[in-house]
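Both complexes shown next keep chain A, but they swap its partner, so chain B is in the first and chain C is in the second.
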Partner chain A sequence: MKPYLSMFLMSARRTFAYRLSALIGWLGGGAILISSLSVWHALLGEGAIAGYDWPMMKAYLVVAWAAGSIGASQGDWRMADRIREGHVATDLTKPVDYQGSRFAEHAGGLATEIPAILIAASAVIAFTGSIPGPANVFLFLLSFACVVPLKFCFTYLTAMLCFWTHNFMGISWAKDAIIWLFSGGLIPLSMLPVWLSVPASLLPFAGITATPAALYLGQATGAEAARLLGLQVFWVLALWFGARLLWRGALRALTVHGG
Partner chain B sequence: MGLVKAQSLTKVFRRPQKGPGLRGSVKHLFQRRFKDVPAVNGIDVSIEAGEAVAYVGPNGAGKSTTIKLLCGILVPTSGSVEVAGVTPHVDRIANARNIGVLFGQRSQLWWDLPVRESLGLLRDMYDLPKGFYQQRIERLDEVLGIGELMPVLARKLSLGQRMRADLAAALLHQPRIVYLDEPTIGLDIAVKDKVRKFLRELRADGTTLMLTTHDLGDIEDVCERIIIIDEGRKIFDGPLAQMKDSFARTRRMHLHITDGTPMDVIAKHLSTADVSGEGSEVTIAFDRFAHTAGQIIAAVLQVAEVGEFHLDEPAIEDVVRKVYAGELLV
Partner chain C sequence: MFRTMRIYRRSLGAHFRSLLEYEADFWVLIVAGAMFNALNLLFLSAVFAHVPALNGWSYAEAVLLMGVWSVIGGLSPLFFEGVWRLSWMVNQGTLDYPLVRPAPVTVQVFSSGIGLHGVGDIVTGGAMLGWALFHVDVDWTPLTVVIGLVLLASAATIHLSIIAITNAATFWISGPHPFLAIAVHTFEDMIKYPLTIYGAGIRAVYTFVVPFAFVTFFPVSWLLDRSAGWVGLLGPLVAAYCVWLARTVFRRGLRRYDSSGH
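Then we have the complex of A and B:
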């Protein structure tokens, strides 16, 4: 564990090397949150859409924003560039697991994000009220903890596609768009047509926004909450080990760039 | 029994043939066209413990690919590799503990953090005891002067400093086998000397060394054996001295003739040597096993008066240059 802990700490320290960049990232993120709050406030007015009135939607948007922001400053490019620029060769001369190392780095990079998200989320909640019960908060935190490895797996898997495609930008955009739509980040899944919302609720993307939001809002309790959490954990494990399988294939495809 | 062994080692890359831009990439996902390019083609190598081997060839000859196969980074298309009893691509992590690797064109240092942090991470990766780590740092400071670099951010290092820090990083865990891919690329002469001296000490300590380089000074200073590859095939493998004897036999004597004796008179007199030049400046190329320099000068003095002269010793450079240019079939 020691090497991974060490990498985690190094990565956390590195994020502080880019304090200004992190600050700008937070401000940008805050702007996104404020704009989506105002758009939905205008849309909903005093009414409700698909069961969401303004107080609920507000809470939903804060959760969606927090889930969307976490890991965002890490940038998919960091992992992709390791492959595209051939640094992966140096990484592979070290006696550590590649995927584990990348996860440790990714998690360490959240060091400046988590406080920022906490501050922004508390601010919104403090100014607008609507604090859920302790049971909801507990389930939400469990679920939110799964968001980190889930998002890591998506990033890691898409970065790995560089082994085959050598083009990352398009893939990264496609990934972001798919996650945005199918996680409920764009609009709550229940607002999608049934033929889209039912499969979306079973896919791993739902674990990024829809699941933590449902637990936070108390839309799912008891057995349903357990089922949602179970599905989320299932996807974390499936993607983690699926990535390992894919990695083996990727190594065969590896062409180290630049000699 | 070699410590590093490769038999009929082959790596074929499938190079995708695709159109430009995102469109080309997406199209490529559906319509896959590839071309097979053999980077390493049936190479047999066996390196004994403690040997220092230069691995030489023109750009794109397959040097780096071979190193990557030996590191377990790449999976061979066919053939076998064994390094200290481990098959690198099967048990990459076990192999990684035995080897130290430097890719001169890349850094393994963490760009935004002081050098000390990167070395500390390596200490944890290789699980080095505290006392051993201290001792290694002191040793590496002696030969590479990394002490002064420890608190510096990696991105603030000059190229020479970066290379010293990277060498320290590659050798921190005192590996038995060291692969160095272009360890002196881009370095100034003073730093180059330092690095070469360090490599000689490493060899004296019994470390097995494999060096790819375009710098022939590295080879002559550090290695006793040379392997030349071209287009993925091994074309020479033997002691450096033997290579020089076989292929670098020609010495060149440059003379300044003071009495105006024409060149063809000298050429006629020295029928077994090759005489060229212009006016009073004459160059005589001769086989160093057939004649001594004394014999040549004595012969010239019979027909002409000589002012100044100097002698070029055969250099490994000439041989390698000829091999690269395809003039010499070894």
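Then we have the complex of A and C:
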């Protein structure tokens, strides 16, 4: 456990070392939060849409933004670059689990992400008035904690595609677009046309925004809440072990030039 | 002038051909660029299934605004991508090469890269724009078309000038990455919605400080004959000012450039 803990701490320290880049990243994230709050404020001025009134929507947008921030300080590029440039070969010689190490690094980002989320939430409250608190704090935190490994798995799986392709930018964007749509980050899933919302509710992406938001807003309680959490945990495990399988295949595709 | 254009075209063409070497990547980038526009459109469609208007803008009008933004936003990766590499060139000292070659430095820098996701933006944005133009209520005359095109060109000029100015900030704010430019660029994305949905502070900054309002909101308001639409006619003036500012900033910056001292 010790090596992973130190990787976690190292990664946390690294984001502090690159303060300016992290700060700009948060500013950019702030622009997204401002535009989504503004557009919904204008839309909900006439009355609630699909069961969402303005205070509820604010809470939804903050949860969605918070989920979007998880992993953002680490970015997708570190692992991808190491694969593309062949440094992954040295990573492979280290006597630690590769996936576990990357996860420790990913989680290290929480040291800056959690304060950023708290600052953003406070700013939203300061500028737009109070937002409703979580309907069930325990269930919400449990579900939000699952966002960390879930987002890690998506980043890890996409970065692994670098074993086969050279251009990571396009793939990374495509992943972001898919997560944005199917997680409920773009718009609450219930507002999507049925042919999109039904598959979206079953896919793993829903666990990133829709599930924590539903638990926060109290849209799901009792058995329904348990079902949603169960589905979320199922996907975490399925993706985590699926990634291990893919990793075995990926190593066979690895070519490192020179030495 | 013709010589400069030719150099620009050939330099860009060379980068384009090098990208075609990786055919799969070529398509991945174009599709990825198109996906975000498709999602923005999906957002509008899903929302307008519930409401008749966004702050007084109908569905077609909102799509028109977003289409203009996508088309203009797609121009910069396609024709201007190189400017994003300026901070790297300054940081590494490789700006020395363009400085000693017999062609304008800016042309060499601007054409030193090409981002194909711009194709996805322009194709999807163009489709949105085309569809919306058929569905909005505009009294078309030859003059409307001419002024519309002038305003579109001005909007593109303003957008590209601001990218150039923020990237040129690297001459003063050292560092290998154009953080200021990236931050400003992210904020520019807010203009995909009608400016009136934002608070007074943002509206003022976007009009007077960093004139993003002239990229989408004012020209489209003019075309749709909305209140204060006449402000859109100032577009060419704002564009001229932005070009002048970009030129000045670039020249001052180049004078500060002292290589990296090998």
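Assume the second predicted complex is superposed on the first by the 242 of 259 C-alpha atoms of A that agree within 3 Å, B and C clash if a C-alpha of one lies under 4 Å from a C-alpha of the other, contacts with A are read in each partner's own complex, and residues count from 1 in each chain.
As a convention for this text, a contact is a pair of C-beta atoms (placed from the backbone, for glycine too) under 8 Å apart; a residue touches a chain by one contact, two chains touch by 3 or more.
Note that the structure is a prediction, hence the values are computed from the model and not measured.
**Q** Judging by the criteria at the top, classify the pair chain B and chain C on chain A as clash or fit.
**A** Clash - chain B and chain C, as placed by superposing on chain A, overlap.
**Q** Could you say whether A:A17 touches chain B, chain C, both of them, or neither, answering first, second, both or neither?
**A** In the superposed model, A:A17 contacts chain B only, not chain C.
**Q** Quick one: is A:T165 in contact with chain B, with chain C, with both, or with neither? Answer first, second, both or neither.
**A** both
**Q** Is A:G28 touching anything from chain B or chain C once the two structures are fitted on A? First, second, both or neither.
**A** Once the two structures are laid over each other on A, A:G28 reaches chain C alone.
**Q** Where does A:G86 make contact in the superposed view: on chain B (first), on chain C (second), on both, or on neither?
**A** First partner only.
**Q** Examine A:A126 and indicate which partner it touches, taking first as chain B and second as chain C; both and neither are also allowed.
**A** neither
**Q** For A:V194, select first, second, both or neither according to whether it touches chain B, chain C, the two together, or no partner.
**A** A:V194: touches no partner chain.
**Q** Regarding the shared-chain residue A:V96, is it in contact with chain B (first), chain C (second), both, or neither?
**A** So A:V96 only meets chain B here.
**Q** Touching A:A223, do we find chain B (first), chain C (second), both, or neither?
**A** In the superposition, A:A223 contacts neither chain B nor chain C.
**Q** Looking at chain C, which part out of 21-29, 147-155 or 237-245 clashes with chain B after superposition?
**A** That would be 21-29, the one stretch with clashes.
**Q** Which chain A residues lie in the overlap of the chain B contact set and the chain C contact set?
**A** 165-167, 169-170
**Q** What residues of chain A sit close enough to touch chain C in their complex?
**A** 20-21, 24, 27-28, 31-32, 34-35, 38-39, 41-43, 45-46, 49-50, 165-167, 169-171, 173-174, 177, 180-181, 186-187, 191-193
**Q** Which stretch or stretches of chain A touch chain B in the complex?
**A** 2-3, 5-7, 10, 13-14, 17-18, 86-90, 92-97, 165-167, 169-170, 251-256, 258-259
**Q** What does chain C use to touch chain A in their complex?
**A** 22, 24-25, 28-29, 31-33, 35-36, 39, 42-43, 46-47, 49-51, 54-55, 117, 175, 177, 179-180, 182-183, 186-187, 189-190, 192-193, 196-199, 202
**Q** Once bound in the complex, which stretches of chain B touch chain A?
**A** Listed in rising order, the residues are 13-16, 22, 25-26, 28-29, 59-60, 64-65, 68, 71-75, 89, 92-94, 96-97, 99, 101, 103, 105-108, 110, 112-113, 117, 120-122, 124-127.
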